[in-house]
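Each structure below is given as structure tokens.
Here chain A shows up in two complexes: once beside chain B, once beside chain C.
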Partner chain A sequence: MFKALFSTKTTVIGILLLGIFLLLPQFLSRFYIYLLALIFATGLLATSLNLVLGFGGMYQFHHAVFYGLGAYALALFATKSGLPLWAGYILAPVCSAALGLALGLITVRLSKLYFGMLQISLGSLVWAIVYRWYSFTGGDDGIHGIPVPDLIGSSTGAYYFNLIITGACLLLMYLIVNSPFGRVFQGIRDNPERCLAVGINVRSQQLVGQTVAAFFAGVAGTLFVTVEGSVFPDLMFWTLSLEILIMCLLGGWFIFMGPMLGATIMVTLRTFVGIYTEYWTLVLGIVLMLLIFFMPEGVLGLVIHRTESKEPAAREAG
Partner chain B sequence: MEFAANITLAALLQQVLVGLSRTTILFIVASGLSLVLGVLRIPNVAHGSLYMIGAFCTYTVATLFGQSTLGFWLALIIAPLIVALISFIVERGLFCHLYEREHLMLLLFTFSFTLVFGDLVKLVWGSDYRSLTPPAFLMGFITISDLPFPKYNLFLLVVGPLVAAGLWFLTQKTKIGKIARAAAVDREMVGAIGINVNLVFAAVFVIGCYLAGLGGALVAPTQNITQGMDHAIIIEAFLIVIIGGLGNIWGALLGALIFGLTDSIGILVWPQFAIVFPYVAVVLVLLFRPKGLLKSTW
Partner chain C sequence: MLQVEAVKKSFDGFMAVNDAGLSVEKGEVVAVIGPNGAGKTTLFNLITGLLAPDAGTINYKGENIAGIAPHLICRKGISRSYQVVNIFNRLTVFENVQVAVLSRRKKTFNLFRPSKTMAVDETLKILDTLGLRDKAEMISGFLSHGDQKVLEIAIALGNRPDLLILDEPTAGMSPEETAVTLRLMQQLSGEMGLTILFCEHDMSMVFSIASQIMVMQQGRSIIQGPPDEVRSNQLVRQAYLGGADECSV
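Up next is the complex of A and B:
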């Protein structure tokens, strides 16, 4: 089974990458370590969205709400409950998954655009509550100075923690995508009517998919808190959701690692363009326009497309 | 948390009137969105940005005339036209090449305009907020059963039905309206009988965006004109269109009524979480009528 899922090439590249990332903190300054840790969290978020978007074909227009909820849940567990700090890291993603299940129960009955729009409205409802509930969530100020366990309190510690958790979650998601469930999920994306006809319960599969994706988004939220030490309502604002969609599009959403690449490009661009100009969103908007016009498959999609047409033998798709 | 302690009949009446004037703005913006969504099938996220641009243009034009009464009327005419011109350029230049793409791509493409317009507004007008006073004859309050009610809101209550009547006339009685309604149902067929569908699409898109600009122009004297007003309105407009039924203008009116009234009455019931009431109303509507209250054109 291992051989079927991971070709030698993938395994070698994966181990090499992991080795490089493990060694990097020895050579990089604090700023770059912070940046990489942020990229891991954002990339995990984008990949979790792609689980339902690219592999499930669901128009998940408001994925950031699960990310934000994970972050807020961790922050609230750490500051307002007497539980040990590590407990929050387990409970927060579970909260996200529960929200995913609850929203899913309402939304999966609808298809495509209606699904996406209802998702946005329900997500905005959650955002509105967080935004207004000053006494509990800190309102639009958010919560700052969230304590994290000592082990991962330093920037290097946070980096290693994010690296390991992101790597583990990516591996898990890769296994899910290639599991029987994942295959069914992709079948639903390509032809929902036929899946229904052969006796697959499309709605319940989508519900499970959304819950799983919400769980991983929650994990990404906890990683964000680990890096930044603060939460604010923008983490679950709908514009962030569309930015994650852009990351998936940018990297290529039919490829497993596409969103990770998209997130890397986006976070890096934002950081460095942000140094030179305050008009970062203008740049992003123009990049997005060009992307939709000329590269609808995304960067990784284009690269793989090109190499495949050159050497038909290399049928590596992930 | 004073819960429903201070509701009197007069206060309720006042809030209903406030809600109805809010409904006017919401209806004008949402009907434009609904028109574009129904006929062109574009979920235009940039609609809110056009509304914001409309409000800023109104401020600029009115200020050029020293915020006089004449300036206000001119601004009300010119600002939406500027927005319509922008949308015309965007449609002819970019959107018309993308009609065949799937909804997700179109949504993201319009989102890219939200990003660009947001920063352009920041470039042109700076990041400070602006405020505009209503013209002299609409300033001040009238009292309705001892509670003050702004005259400008009454003006909005007059404008709302006028716009609704105008839209009814446009879609039901004019040729372009009839063609647009036909194209909403079956665009290939309309093209097959020799009508230039692209031109109809352009016209509908421009009219829809004009309505966004008009909404922005009308809202300008009632609130601070700021960055971020685009994000606030667009979600509301989308929800209104969804609960009304995609592409149905009367659905937009109904949705705007639900949204405006639950919001304004919610303030009376539970001020801190008034924002929650309209969303709850939306969820309830969609639980029982997943495709919206009225028939959608899709």
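Up next is the complex of A and C:
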């Protein structure tokens, strides 16, 4: 099964990257370790969005709500229930998936833009509840000082945890993208009408897709809590949804690892430009404009395009 | 196998199909002909569930399928190709057909097996039959128009239909490509025993392959019968062939 999914080149690069990331905490300061752990969580979030956006053609405009719900669910399990801390890590993504299923049951009846608009409204409703329900969610103050298991309590521990979980989730999602479900999902992206004509129940496929994507977004939410130890309503505000949408476009939304690269660029940009100016979104705007004009397939798309067009030339020359 | 009776469909008061009837028996090759706007494609859309008829019955294997969702009709054994190319643009030729095969095998909710290794033999066999094997790994959006039209049929075959509906299979094709498609249809009907329902503007093609011809005009079916009967029918000559020399059949 493994051989059917990965070429030797991909396997070598993957193992090499994993090795580097495993060793990095030996050389980097705490701040960079924290930043990388945050990038893993955000990258996982963007990749989970791309599962339905780039591979399913669904206009998932409010994906952050599933991320926020995962984070909040973990925070609430850890602070308000007597359950063991680890149990929250399993239950939180399940809560996200359940929300994905519930919202999906309503939204998949619509297509394209209407689907996206309805999702924004329903998602904002969830946000509003979290924002106002002071006694339960802490309202706009959020929840702080969330306890995490000792094993991953240190910044290095959180880093390794996020690395491993992100890696495992990426593997799983890659498997899904290349499964019959994923193949059919891409068919729906390209041509939903034809999918119906070959006997595919498009809405059911989309519903499953949305539930799965919401699950992984929930996992990403728990990773965020692991790093930050706190949650706040911004985690499910629509602006964050927009940001991860841009990450997918920036990295390349038809390529599996594109959103991961997009997330890396965005989080890094936000962190370092944010030091100099409050208006880091201004830089983002410029980046976005350049992106639309010069790299419609995203950064990774451009890189792959370039290397592929070079290969035949090199062969001819050789 | 398929009996369409007194089917009607109007769009905002315009009667696209008005009292159309059609009968297709197992093993036949039935052609629907008629001038542009006669309602041929609408009729096909009604049969395949893309549209629901306002009135009338569509009996398939003894069951009224009028108004049933298209994916359910497909699962009953009717699959179709489109007049305007309607494929999965970003997928490879192989994957285009594989989607249909996976759908028929009910594997679409399998999330954790690499699809690369699934339904390979059957998909490649279909591509072999249609002469697309050497283009299997090409992105279908980059194919020539003629090849895309053939891929249309290939996708429809992925469902292993009992009744294959082809909406102008040779539209926009060169004469050479048309000849290839004609041979292909003869092969599908002869060797594989498929029942085929198609509509077409190329009269020489229609009269060389169809065992039954149904003539439509302004949403109505005028006549259905064997080619000779249709050719000699006065009504058809007036209404469609019009005595004009454009169709020297």
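Assume the second predicted complex is superposed on the first by the 310 of 318 C-alpha atoms of A that agree within 3 Å, B and C clash if a C-alpha of one lies under 4 Å from a C-alpha of the other, contacts with A are read in each partner's own complex, and residues count from 1 in each chain.
The rule we apply is simple: a residue touches a chain if its C-beta (ideal position, glycine included) is under 8 Å from a C-beta of that chain, and two chains touch if they have at least 3 such contacts.
Remember, it's a predicted structure, so these values are computed and weren't measured experimentally.
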{"item": "Partner chain(s) touched by A:I246 [first = chain B, second = chain C, both, neither]", "value": "first"}
{"item": "Which of chain B and chain C A:V202 touches, first, second, both or neither", "value": "second"}
{"item": "Touching partner for A:Y72 - first (chain B), second (chain C), both, neither", "value": "neither"}
{"item": "Which superposed partner A:F181 touches (first chain B, second chain C, both, neither)", "value": "second"}
{"item": "Contacts of A:M117 with chain B and chain C, given as first, second, both or neither", "value": "first"}
{"item": "Touch count on chain A, higher of chain B and chain C", "value": "B"}
{"item": "Which of chain B and chain C A:A128 touches, first, second, both or neither", "value": "first"}
{"item": "Contacts of A:F161 with chain B and chain C, given as first, second, both or neither", "value": "neither"}
{"item": "Chain B versus chain C as contact partner of A:F224, first or second or both or neither", "value": "neither"}
{"item": "Which of chain B and chain C A:I286 touches, first, second, both or neither", "value": "first"}
{"item": "Chain A to chain B touching residues, read off their complex", "value": "59, 61, 106, 109-110, 112-114, 116-118, 120-122, 124-125, 128-129, 131-133, 237-239, 242, 245-246, 249, 278-279, 281-282, 284-286, 288-289, 292-293, 296"}
{"item": "Partner chain A, residues of chain C touching it in the complex", "value": "48, 50, 69-72, 74-75, 79-80, 82, 86-91, 95-96, 98-100, 102-104, 107-118, 155-156, 158-159"}
{"item": "Touching residues on chain B, where the partner in the complex is chain A", "value": "43, 45, 94, 97-98, 101, 103-105, 107-109, 111-116, 118-120, 122-123, 231, 235, 238-239, 242, 246, 272-273, 275-276, 279-280, 282-283, 286-287, 290-291"}
{"item": "Chain A residues touching chain C - in the complex, by the definition given at the top", "value": "1, 4-5, 175-176, 178-184, 186-187, 189-191, 193-202, 204-205, 208, 212, 254"}
